[in-house]
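What follows is chain A paired twice: with chain B in the first complex and chain C in the second.
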Partner chain A sequence: MLSWLFSVATFAGIYALLALGINVIWGMGGMINLGMAGFFALGAYASALATTSGGLPIPIGLALAAGLAALAGGLLCRLTLRLRGDYLAIVTLGFSELVRLVAANEIWLTNGSDGISGVPGPWRSELTPFRFNVLSFALVAAAVVVIWALTERLRRAPWGRALRAIRDDDTAAAVAGKPIRRFKIQAFALGAAILGLAGAFYGHYTSYIAPDIFRPLITIYIFLALTAGGTGNTTGAIVGAVAVVLVLEGSRFLEGWTSVLGGVQKAALREVFIGVALIAIMQLRPLGLLPEKSPGPFLKRKSR
Partner chain B sequence: MLDLLPQFLVNGIITGALLAIPTIGFTAIFAVLRFPNFAVASHATVGAFAGLVANVYWGLPAVPSLAFAFLIAGIVGLVSDEIALKPLRKHGALTTAIASIALTIVLENIIRFFFGNELRGYDLPLVRDTRFGDVRVNPQQLENLALAVVIMVLVFTALKYTRMGKAMRAVADNPGLADLKGIDAALVGRVVAFAGMGLVGIGGMLFGLGTSIDPLTGFRFILPIFAAAVVGGLGSIPGAVLGAMIVGVGEEMSALVLEPAYKSAVGFLAIVLVLTFRPSGLLGERAY
Partner chain C sequence: MRVFNLRRSFYGVRALSDARFDVEQGTITALIGPNGAGKTTAFNCISGVIPPESGSVHFAGTEITGLTPDQINACGVVRTFQIARGFPTLTVLETLLLHGDDQPGERMLTALFSPGQARQREAELLDRAHAVAKRLKLDHVVVNLTDALSGGQKKLLEIGRALMAQPRMILLDEPVAGVNPTLGGEIAERIQQLNEEDGLTFLIVEHDMDVVAQICDPVIVMAEGRTLMQGSFDDIASDARVQDAYLGKRG
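So, the complex of A and B:
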């Protein structure tokens, strides 16, 4: 039971990383990334391949995952920079389908739809499953804290302020002399790197990845987490991610009580619930449960 | 390999014509309601399953089943737009686009709830391929092609000559001016949500006629639909037809150089090429 709790908490941490990554792109930058699952998969595959076939240590796998995802994100953002956001939505969604297609078909590299098993985890063989869960949770939690601190610092820094100005009115920001394209590409690449990192953590924790794991559904989970928590709010992203994982896991308990429905039907109902919840929150609380507060520098000075 | 070229070309034209139908729906919704409605994925599935019910459960032939697919996908499109997406449009196109993905997940899983994950096929008479020289065509494919052409002619006639068609083009072209002339934009929006998703539903069933369907059917077609819309010019209805032809022929021709599994990657490649060299698409963004 305790081991299961740590396992749930680890997944919550991975979701929190994803929500933090999307928060940089969508919450802080106002750019849409509907291909989140693609960057998540890219990171997971990059790190898994580097540490299995490549024989490299896990930290290098993590770095590769973040780097590759950042590169892909930067290029996609660059491609649609002059166009309206609608195009970025289409391109990113297309990208995630492409990643899934490559993962399912390049069998020599990714083992196709059978997936890659035996992805190494830190000291997995030396530890009991319980201790491995505790260690994984500690590592993921540390990563969440580091990324939280980093993005929160960036949000309060001039970089974050400029990015917010671009999000709210890019013409005004451009008139104020901000290089808006560079800011947008940087923000998208940074967010994508966090998504890739989350993918790498996922692979090393579960030891198994396959194309089917990275379905568009997970993109909805994360947008729900971020919207519920408060778009643009770094802490809200983490709170939202934990809440979504609790709802997902909690619904498994409810499933035990009904025996009329088959497994597929229960899973379908859960996903209907997630989708309806996202639309409802967007309509009723568009700013989320913890709305973004601009870190006003003046207020801060007064309080000192 | 080159002797297969005429065959690939014919396959490509048939694929393109089928692809044009849902692409017209997607691009028309974009032109009038100004957001990329990713719920096309689930509406293609809804149409495919509505057609399945009419065809397999009620024993109707293909054409009435397609009409039923249009009706059901259109009603679902209208109702879900009113409830889920319309209230969000004031928050911007991107917020609505995110909600449309959530809507896709909801509708797809409602279908999964009732029909399960199994692959299902339509109940159609099996017929031999017809040969024209070196080119083999299945009569079912020819019938689909003819249906697609008839539907396109109907759409273009409606847009050009009916009051509603003209109103639709006016709203797409200049919403402010259309409003000034007393055109009811909300009504036009409802008609487009119904007819657009209805066409997407027909598209889902037309694709399903050639293979089999499951709740993920729609998601498999979104990449070519987006690609066709972007290549032709997002929001342009003639562009949707042109883009669909290019993507359809491109997909089939890709068999010369790529493995068949990568057919749908052609769509992504087409998007990247067009956005790099001609971002507004081949025919621009004017609706008509």
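So, the complex of A and C:
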């Protein structure tokens, strides 16, 4: 049971990383990215391939995952610079499906729909499963803390202020002398790097990745998490991600009570729960549990 | 500033055909004309929002034609928008700070790894922002979100944004449109004060002829994408061609 809790907490941490990544791209930068699953997959495959067929150590796999995702993110952003709203949503969604289909069909590289198994985890063979779960949680939690601090500092800095201005009105921001192209590409690449890192963590933790894991549904979950937690709020992204994982995993305990329902219906019930919870949050707190707050001037902080 | 033979069309309709005029340093020059005369398009071409198809814009001896808005900003020419375009989720103070120039904290790596530099610059910009807010009598609303400002305050903030860049010349697009006459007069007074005390040059598009008569000299009249004439307000008000452009030809 305790081991299972650490496992859930590890997944919550991975979801939190995803939400932090999306928060940079969408929350702070206002660029919709329905291709989140694609960057998640890219990171997972990059690190998994580097550490299995490549035989490289895990930290290098993580760095490769983040770097490759950042490169893809920067490139995608550069290509879609003039698109916004619905159009950007469709293109990014297409990108994510592209990554998934390549992973499913380029069998020589990715082993197709069978996926890659035996992705190494840190000291997996030396540790008991329980200890491995604890270690994984600690590593993912540390990553969440580092990424939180990194993105929160950027949000408070003049960089974050300019990015929010671009999100509100990019023509006016350009006239204000802000190089919007650089800001957008940087934000997109940074967010994508975080998504890629989350993917790498996922692969090393579960030891198995396959194209089917990276369906667009997970993108929707993360957007729900961020919306519920507070779009543009770094802490809110983590709170929302943890809440979504709690609802997804917590609904297992309903099995005892609902003997009337079959397995498929129970699974469907989870999504109903998430939907209802989101509607309730949006009714009560339209800006999310922790709304975005203006950080004010970038000086030494006196009080939080 | 010298604008020469500026030309631009949209979907085959010629918005600007050979607009040419000069703006002398230290003046408050008005740019007037009936709707569709090309005033806003001229502004857009000068400020780099829309590149002109041909023609040239020189400022203080340097050609600024076709540069991007931020490059033109750096040359000392700043503009405002007709409909106050704010950043709804930024406060007044943040909006002013955003328009401060040369903030190293806007580079991602500096913001992350040497925030000291950014903080130092921020403190300087903060002083400037407070001074600008005070001059425009916005100092009591600096912590409010721009969305919560009144129409007149938004117009003043537009001017404040321009001032933060410490420009030599400001292009104002209808600074008093949609504001009640008392407040409009106040905005006009602020413009005059800035012109006299800081020697700022203004080019103003405005339909409110009281304000134009009060503070602007000379006045440039545009019609159908061309410059019609240039002169003092009294000269142009008595000119037959200007009356024709506004009221239509008789007979």
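As a convention for this text, the second predicted complex is superposed on the first by the 282 of 304 C-alpha atoms of A that agree within 3 Å, B and C clash if a C-alpha of one lies under 4 Å from a C-alpha of the other, contacts with A are read in each partner's own complex, and residues count from 1 in each chain.
Criterion: a residue touches a chain if its C-beta (ideal position, glycine included) is under 8 Å from a C-beta of that chain, and two chains touch if they have at least 3 such contacts.
In this text, all values refer to a predicted model and were calculated from it rather than measured experimentally.
When both complexes are overlaid on chain A, chain B and chain C end up sitting side by side without clashing.
Once the two complexes are laid over each other on the shared chain, residue contacts for A:P286 go to chain B alone; chain C is not touched. With both complexes placed on chain A, chain A has more residues touched by B than by the other of chain B and chain C.
Our angle of interest has its tip at the CA centre of chain A and reaches the CA centres of chain B and chain C; in the overlay it is 80°, to the nearest 10. When both complexes are overlaid on chain A, the residue A:R164 reaches chain C alone and has no touch with chain B.
Once the two complexes are overlaid on the shared chain, A:R82 sits against chain B while remaining clear of chain C. By the document's definition of touching, of the two partners only chain C reaches A:V175; chain B does not. In the superposition on chain A, A:V91 makes contact with chain B only, not with chain C. This overlay, made by fitting chain A, leaves chain B and chain C with a least C-alpha separation of 13 Å. Residues 150, 153-154, 157-162, 164-165, 167-169, 171-179, 186, 190, 232, 292, 294, 296-300 of chain A touch chain C in their complex. By the touch rule above, chain C contacts chain A in their complex via residues 47, 49, 68-70, 73-74, 78-79, 81, 85-91, 93-95, 97-99, 101, 103, 105-108, 111-112, 115, 118-119, 122-123, 126, 143, 145, 161, 165. On the chain B side of its complex with chain A, the touching residues are 30, 35-36, 38, 84, 87-88, 91, 93-95, 97-99, 101-106, 108-110, 112-113, 116-117, 219, 222-223, 226-227, 230, 234, 259, 261-262, 264-265, 267-268, 271-272, 275-276, 279. Partner chain B is touched in their complex by these residues of chain A: 30, 32, 34, 79-80, 82-87, 89-91, 93-95, 97-98, 101-102, 104-105, 216-217, 219-220, 223-224, 262, 264-265, 267-269, 271-272, 274-276, 278-279, 282-283, 286.
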